[in-house]
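In structure tokens below, several structures.
Look for chain A in each of the two complexes below; its partner is chain B in the first and chain C in the second.
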Partner chain A sequence: MLLSSSNQAPTGDLLVVENLEVAIPEEKRDVTIVNGISFTVPAGRTLGVVGESGSGKSLTSLTVMGQLPKNLKLASGSIRLNGEELTTLSTDRRRRLRGKEMAMIFQEPMTSLNPSYRVGAQIVEMVRNHQDVSRAEARKRAIEMLKLVGIPRAEEVVDDYPHQLSGGMRQRVMIALALANEPTLLIADEPTTALDVTIQAQILELMKRLQAELGMSIILITHDLGVVAETCDDVVVMYAGEIVERARVEELFAEPKHPYTRGLLESIPDIDTEVDVLPSIPGTVPTPQSMGTGCRFASRCPQAFDYCRENTPPEIRVNDTSAAKCWLYDPEVVAQHHPEHTAA
Partner chain B sequence: MAKFILRRLFHAVIVVFVISLLIFFSIRLTGDPVAVMFAAGEPSQQAIDNLTAELGLDQPIWVQYGIFLRDLITFDLGTSFRTGQSVSSMVAATIGPTTLLAAAGMAVAILIAFPVGIVSAVKRGTVLDFGGRMFSLIGISFPNFWLGIMLILIFAVMLGWFPASGYGTPQHFVLPAITLGLILSGILSRLVRSSMLEVLNQQYIATAHSKGLRSWVVIFRHGLRNALIPTVTFMGVQFGGLLAGTVIIEQVFSWPGLGRMIIDAINARDYPVVQGGVIVLALITVAVNLLVDLSYSILNPRIKAGGSDS
Partner chain C sequence: MTTTTTAEPLLQVRNLQKHFPIKKSTLFGGQKQSVKAVDGVSFDVYPGESLGIVGESGCGKSTTGRMLLRLLEPTGGEVIYQGRDIAQISAGEMRMLRKDIQIVFQDPFASLNPRMRVRQIVEEPLMNFRICASRKEARQRAREILEQVGLGENHMERFPHEFSGGQRQRIGIARALASEPKLIIADEPVSALDVSIQAQVLNLMKSLQKEYGFSFVFISHDLSVVKHFCDRIGVMYLGKLVEVAEKKDLYAKPMHPYAQALLSAIPRTVPGSTKQRIVLQGDVPSPANPPAGCPFNPRCPAAFSDCTEIVPELISREGRQVACHLYPADDPQAGQQQPTAV
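Showing the complex of A and B:
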């Protein structure tokens, strides 16, 4: 049976990620590029991941998928899917989860499909890799999926090559591909960045609808805070390889905690206008090689004080649903080191 | 598609025409064939004049060329000055051994170059990659004839495993095919490696991994399939080089092929045989390139053969 309708009601945390650290192995000392990432994705919910280019969003998702580039390694951390620890699984067991339990939509729709194979064949391959069905059945499934993602003339498109389709259509095919085996977790890495505004809206709408139908959890990586506001339940904000703030989506927009998040929000004139790139905050992200002690955002932070430059802030709980990696939320530090208090 | 083939045929005609010009005039720079034919005795002027007229060499050179072209159009390659045999039948007798040698050399090259290139790319930066790249480098820098002579020394003279020269049995193929194949696999494995490296970096390879496919499926079905496109093109371009290689190897191994026939004919100033042999080589090269272009458009669905101009 292809469309197993055994989607349990969303209960508990589907994905629990703890303390991920990704590094470039070097002779002397490994260079850490993603550091201490922790988050959870409840079943059936959407987690948004935002952050400037190079903040480690894609590497984090590749780590969860278990397909880091060869030159990088997972230095430490734990990834649990439905309670099962993934980091210690054999490569073969890990591989079997990909495309079945977890699927990914990549950043570039134009190059994510193999140019040498018809789109139908690429979906058929996905289906048959995980389900014991005939070629004909898998092809039926491919057409069904293409229809599901709103591709007109699916019976014909199934035999098209990727280059015969527009960017929006290719991204729909990618979604159809990713969802073909009804994964419980979908990771979408900027699924709409390359597409024009109306198509963007359609694709996001589609993902929400399919989420409701299939009951899956989504990690949505994006540059676009408007997209976050519309589609996510929870958000983590990444900066220079770390999570600097986490919150429920309403709270993040109503009451951003971290100065970086505030900077991001302030520089968009209106949440509803679509932006392709995160608004710019003066200064640049430190490179992994140049990161020393102290808060990584200190050099760009309008509210930084001396203490911030010498001491790395831990993640500080602000309330039940939000936390920020910022000394401003440690009352003791503020009392002892903040110029407003110490000057008095 | 038909338009594409027609245009290619037109190109082929031009190429063959230019080559006919080049070979016709350059062979005449080697000297007078009549002098060679009488090298032994003291011919009378009358005998020389008779032979010159008989061979048609008394005619003005443009007339000679015109006759050559006219015959060529009717697939008449003329007759050998030396033996009086028709060049067509000489070509027919030698083309088989040459084709077999080229095919065997190519087969050896493919059998070596693909595994070496693929392993090199997949295991990039490891000892295996280093070994593969050393292999390419040595293959590229080795002179054909020298490798041939080394192989003869070791495997024919010292070990006596295979015949050093000649033609007829499968054993005769071993040394020439390996010589040709090794030389060719140097450059081919380097190309396979670089094409694979480029392809394996593509986004669709990450997609293939995200489907949970086994690594070897990703490497072959998604990687190699796309890396074949530049590789096949290259093999087509390189085909002329392969034929040139056979000419030398036929000399080293006394292989009764087209190349040796041409070299012997050059030494004897047997104009029609040289001309006919070279024209046939040109035709083969052009035909192979056409085949490669066609297979290229099959391998790469983005190229519609009719639409591409290059």
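Showing the complex of A and C:
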């Protein structure tokens, strides 16, 4: 159920995010940096959130986890996990959900693991925070988890400190920690970006295997379209704080709808083809302060026409499984305002 | 641009080494040990070509790049440029030689002086290397160079922090370009940039190379970028080159098992297109304590007894160089079968 529309049955959708808005509170006027994000994650599926730096993808995931930095505020929106509204929950209930029902892994494992505790102790703490088990049982569980994520000599590594492990091993520990209480939703924010390609291959393989075994849903946040192509079922593409396209993964790569997605896909050097000059997207992403009316991509878009620069496009359904925030998919607007038609 | 194999190499690197000493104190005093960051690397760079050096973190690719300019002092080996060994010349001579060999760094945030205006950053090499006789001339030339990298008049008096990552990398390229170099070492020049910006910068570097004809040593961990940009590619693993080949040969048929695994590990942007991925087991060993024999043997799916004992040499075979016991000396009879253990 990729397209978030109210008439769809709630069954099967683990997470429903509607109209999320995050802003920087400023004296005169709040500056919106994440604008009207909606998506759903069905049980057992992987949603990819793609975008470049500053697109708001990480903020979106932090909002879902309820860990938005203190200088930002959730201006509006609803987040429902298994039908339970999260935005109005008490801090205490929210904390209990975190690490139990939903867990998150970050890009840089060294900064998210506590350097002064042994990895086993950190997993034990995580387990005992949420489950009523003895220390010994929790430790057994920690070793089990380390084995599950493919750490060799788990019985010894459980007593190692994070700095004694390599980058790939630390990321495995992060995953073990996140999965210790068998969450139904795992949010992975650039989980392999800090890793080398051969280690990245190991971690992606591991995440796929664990998803199959534990049946959880995953939100994978990344800038790497190759990683998306390999691991995701559905994709949303973010640009300047908005979702500009959503589609099934095969469709996104075969037939990108939004000009930004198209530009993004073309500008990656493809390992299997040869070009002389890489197509590139001119210009840079606008800052939140400088975004006026009209489509936020218009200034960089090769297909933009005057109408785009003045009117903000809504999300337009292209077919059953895809949608794009682009006026090109509104036949009425195209007929009335596109230069090709108005000239004729 | 393809390699002109008949031409004289611009730069010859022979058995280059960088061993960092580390102290290991034990109860009975220290035992001398070293991290072999670069351990006997040899390659040539030809005029006008782009030589890619790829490898994972810690393989020694950046250390190699830095030694070519003597930003790091080699602990062994030779770097021959215009008949002279760069590793041996005096610091004064080296300074003037940097006119010919320039470097572009990965982090455009750290490699530009925050207190200098963009104009000054580009003027400095023009004056230092006496390319321009007067300040006035330097200013004019700086303007031209900045224009070439896509920065206009209105950018000249600004400071680096006022620019985005992509623009800062353009400034770094302008600075390297100013001294009219024959070789530019580009150390992960686009890794810190978003893909849409990355393409802009890669295109810029390529068009400048076409215009001026300098060579690139392009250091990167990104195999897709290297394939797009380079003519020849050297693959490094644990301080050694394991394969050096023409781009089309390497990507069509990597010979070294590590090169094979590395290429197969790249995520493809066509869903479901990844076929028989070789997932390597384990991690890269520590360069302080490399395995005996071939550095890749503990993770190599094709390793046999020789590999744990004898260090394979980088030898020519099928128009490329490979350091692997699976491929014995370049003789027409040698197939891919394993040689019998000695």
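Keep this in mind: the second predicted complex is superposed on the first by the 322 of 344 C-alpha atoms of A that agree within 3 Å, B and C clash if a C-alpha of one lies under 4 Å from a C-alpha of the other, contacts with A are read in each partner's own complex, and residues count from 1 in each chain.
We adopt the following convention: a residue touches a chain if its C-beta (ideal position, glycine included) is under 8 Å from a C-beta of that chain, and two chains touch if they have at least 3 such contacts.
Worth saying up front: this structure is predicted, and the values here are computed from it rather than measured.
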Clash-or-fit label for the pair chain B, chain C on chain A: fit
Which superposed partner A:249 touches (first chain B, second chain C, both, neither): second
Touching partner for A:133 - first (chain B), second (chain C), both, neither: neither
First (chain B), second (chain C), both or neither touched by A:75: neither
Touched partner set for A:104, first chain B, second chain C, both or neither: first
First, second, both or neither for A:198, with chain B first and chain C second: second
Which superposed partner A:161 touches (first chain B, second chain C, both, neither): first
Chain B versus chain C as contact partner of A:52, first or second or both or neither: second
Which of chain B and chain C A:65 touches, first, second, both or neither: first
Which of chain B and chain C A:223 touches, first, second, both or neither: second
Chain B or chain C, by number of chain A residues touched: C
Shortest span in Å between Cα atoms of chain B and of chain C, once chain A is used as the common reference: 7
Doubly contacted chain A residues - partners chain C and chain B: none
Touching residues (chain side chain C, partner chain A) in the complex: 56-57, 164, 166, 194-200, 202-203, 206, 221, 223-225, 227-229, 251, 261-274, 277, 279-280, 282-284
Of all residues in chain A, those that touch chain C in their complex: 52-53, 152, 166-169, 196-202, 204-205, 223-227, 229-230, 249-250, 253, 263-265, 267-272, 275, 277-282, 284
Of all residues in chain A, those that touch chain B in their complex: 62, 65, 67, 95-100, 103-104, 106-108, 111-116, 125-126, 129-130, 161, 163, 174, 177-178
Interface residues, chain B side, partner chain A - complex: 202-204, 206-214, 222, 225-226, 299-302
